[in-house]
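In what comes next, chain A is part of two complexes: it sits with chain B in the first one and with chain C in the second one.
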Partner chain A sequence: MAGVVHRKLRAIGATAVGAAAAARDLWLLYLGAIAGLVRGRRGGRPKGAFAAQLFAIGNQSLVFIAVTLGFIGLVMIYQACQQFNRVTGDLSQVGSQFLKLAVSDFAPTLTAMMLATRVGAGIAAEIGSMKVTEQIDALRMSGVLPVDYLITPRLMASIVMTIALSILGGAIMYVAGGLTAYYWFDVNPRIFFDLSAVTPVAVVLGLLKAASYGAAIPIVAGFAGLRARGSSEGVGKATTAAVIGGSFAVILLDFVISATSLVLVGPP
Partner chain B sequence: MTSPPAFVEFRAVDKSFGGKPVLRAMTLAVTRGEAMFIIGASGAGKSVTIKHLIGLLTIDRGEIWFDGARVDGLPESAWPPIRRRIGMVFQNSTLFDSMTLAENVALPLRKHRGLRQAAAVREARERLAQVYLGDLADRFPAELSDGVRKRAAIARTLALDPDVVLFDEPTTGLDPQSARRVDRLIRDLVDQRGVTAIVVSHDLPSITGIADRVAFLYQGTVYAVGTPAELAAAGDPVLDQFLAGRSSGPMETPGF
Partner chain C sequence: MIVCLVALTIIGDLVALVGAAIVARGVLDIEFSTMFYSFADNLGTDDVLHGVYKALAFGTAIALTSCHFGVSVRGGAVGVGRAVNAAVVAAAVSIMLLDFFVTFLVG
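Up next, the complex of A and B:
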């Protein structure tokens, strides 16, 4: 009996130590990628990599984000209007309150969740493939820092494009919601498209969240890719880990940033 | 007669992965200017051994020496000067798909020797021409055959004029003619440029054709070392089974 308990405790301890080591390595990867920004092209960041990643992360996600956030806006406003109709019948506040929520939370968080799947999976698969085919080792042998070559350009591009896509996605979501409210529930667009409820705190909160998510997605995905082992099975596992880890990071950051903001400056 | 001092030396090296020992007190000395082949069954730790020499893996215990200096345990920042002197040709060629052959060869020239892009590409073209790939310098790896990619990878490694070149199964996946061309290239490097070649291989024609000495890795350690003729004449049943490629015998093969 004591032996079984001892083995269980050892297993739990080993898992905890492994998780702590992974968290440390993730943090070191983040710091390394930031240091790569300072090192510039000396560390091995290829010319044109930032622009290429802006295109891969941003432009190639445009339709995906526009369509998904548009539909989410449509469904959310439809559901909200139905509920308001049942309770009060007053739909005058739906648009302004929806916009406030979209700016401070829905737009950056839903955009980032979408990007965590599309972009995170792509980054993990690409870096994971390079890892299992020894291309990462070949980079090191060529005098290139893999973090500077692979992670830093993606980090920069992801921050910029998550912010840009959050703004665009939020706008599409809002317009889709406005059209839904107008056609299904006869809400006057002048009443729906009311910006008065959006506070500066909500705007700053939304931008801060978008930037944080944008930083987290490539770091988590790159970390998963760099830990890929074996062959194609290892790349598959890395891709799955990137999507799960990226989505989890977005939710966790949403909670942490929202809670901190609430404590420090009150409701947005 | 005393043996020449070791240029590369592994002293009682231990390495485990996830608690599973791969190398156990592995000791091997390689002299300057020889072609040393490391042979052994799949999973015996051959590739692991050579990766320790360039800091791509770290040992658990033991010592690794290169040109009179101990190199195990160095921080990552200390490795670039060593990696400039020890090149490695990886098993999968590992050319970067987004770059042309010339850009692939130019990359270490830019990073290790600080050449500007134009000068590095110019020199890369010359290096590719030396392995008869001058007319393919602007092609991308995906457009080329395995043999061409392997030769381009060798050109990339040789671009820095290393003292030691590590070859990880250089003839795997190549047709016999391409394989013998790679063998010839390795032998020429040793004979004409004085390069020390450490070659991980399963390819018996390569071993008997171009190796100066062969180290047989078995159960995590160097089981036997000598010239190909010495190993063939040793009469050891384990060694004989491996060299003859027999599936049955005293040799324990992991996973079988």
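Up next, the complex of A and C:
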């Protein structure tokens, strides 16, 4: 009996120690990537890496984000109108309330969730396969800092592109919602596209969220990739860990930023 | 995948409702009893089944797309990475599309 308790306790303790070590490593990777930003080219960041990552993270996710966010907007407004019909029957507020929520929360969070799957999986797969084929060690051998070479350009590009795609995805979601409301529920577009409910606080909050998600996704994914070991199976595991960790980081940051802004400046 | 997704959807529903009740109690001072009477009054079998239908569709889509990219993988570790990426993208897109179609079919 005592042996069982002892083993269980030891297993819990080992998990906790492992989690603490992983959190420390993640934090160090983040600091390293920012240090790489300060070091600039001296750390071995190749010329054009930033632009290449902007393209890979931003332009190549464009269709994906447009399709997914467009359909989310359709379904959300359809459901919202049905619920409004059931409760009040007054659909004039749907558009402005939806826009308010979209600006401060839905647009950045849903865009970042989508990017966490697409971009996070891509980064983890790329870095993970470099790691298991010992290319990371080869980089270090040639006097290049792997973090500067791989993580820093992705961090910069991801912050820029998450903000850009959030704005674009939010706009697509809003327009798709407006079309749904017009075609299925006869809501006048002039009433739906009412921008008056958006406050400056909501805009700043949304942009701040987009920037933090953009910073979190490549760090979590890069961390998962750099921990890959073994062969193809290890790369697969790293990719899964990146997607789960990235989505979880987005939800956690959403909660922390929303709660902090609620306490500091009140509801948006 | 289908069985597990249906089960997880129902568990997720419960956890979401409990979480909402806790936040409503803490932030907005709405009593638990008010919240749960409201749930009991406004939630029908149809609402839960709506989620279950979607879980059926999504479970099928996720399992099929992932297995397709898994069995057609080639090219070692790099290929596995690419397949995982493609599977994630295909699953996410098919979830969004099916969400739309199931919503309109079920109504």
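In this section, the second predicted complex is superposed on the first by the 268 of 268 C-alpha atoms of A that agree within 3 Å, B and C clash if a C-alpha of one lies under 4 Å from a C-alpha of the other, contacts with A are read in each partner's own complex, and residues count from 1 in each chain.
The criterion applied here is as follows: a residue touches a chain if its C-beta (ideal position, glycine included) is under 8 Å from a C-beta of that chain, and two chains touch if they have at least 3 such contacts.
Being a predicted model, the structure only gives us computed values, none of them experimental.
Asks: After the alignment on chain A, I want to confirm one thing: do chain B and chain C clash, or do they fit together?
Replies: Superposition check on chain A shows chain B and chain C fit without a clash.
Asks: First (chain B), second (chain C), both or neither: which does A:Gly44 touch?
Replies: In the superposition, A:Gly44 touches chain B alone.
Asks: So which one touches more of the residues on chain A, chain B or chain C?
Replies: C
Asks: A:Glu134 contacts which: chain B (first), chain C (second), both, neither?
Replies: The answer is first: A:Glu134 touches chain B but not chain C.
Asks: So if I put the vertex at the Cα centre of chain A, how wide is the angle out to the Cα centres of chain B and chain C? Nearest 10 degrees is fine.
Replies: Between the chain B and chain C centres, as viewed from chain A, the angle is 110 degrees.
Asks: A:Val67 contacts which: chain B (first), chain C (second), both, neither?
Replies: Touch status of A:Val67: second partner only.
Asks: I'd like to know which partner A:Met114 touches here: chain B for first, chain C for second, both or neither.
Replies: So A:Met114 only meets chain C here.
Asks: Between chain B and chain C, whom does A:Asn188 touch in the aligned arrangement: first, second, both, or neither?
Replies: After superposing on A, A:Asn188 lies clear of both chain B and chain C.
Asks: Which partner does A:Thr260 reach: the first (chain B), the second (chain C), both, or neither?
Replies: Neither chain B nor chain C is touched by A:Thr260.
Asks: In whole Å, what is the nearest CA distance you get between chain B and chain C after the fit?
Replies: Minimum over all C-alpha pairs of chain B and chain C: 11 Å.
Asks: Considering only the contact definition stated at the top, list the common interface residues of chain A for chain B and chain C.
Replies: On chain A, the overlap between the chain B and chain C contacts is residues 133.
Asks: Considering the complex alone, what residue numbers of chain A touch chain B?
Replies: The touching residues are 44, 133-135, 137-144.
Asks: In their shared complex, at which residues does chain A touch chain C?
Replies: 64, 67-68, 71-72, 74-75, 78-79, 114, 117-118, 121-122, 124-126, 128-129, 132-133, 231-236, 239-240, 243, 262
Asks: Write out the stretch or stretches of chain B touching chain A in their complex.
Replies: 51, 54-56, 79-80, 83-84, 87-88, 90-92, 94-96, 107-108, 111-112, 156-157
Asks: In their shared complex, at which residues does chain C touch chain A?
Replies: These residues of chain C touch chain A: 27, 76-82, 84-85, 88-89, 92-93, 96-97, 99-100, 103-104.
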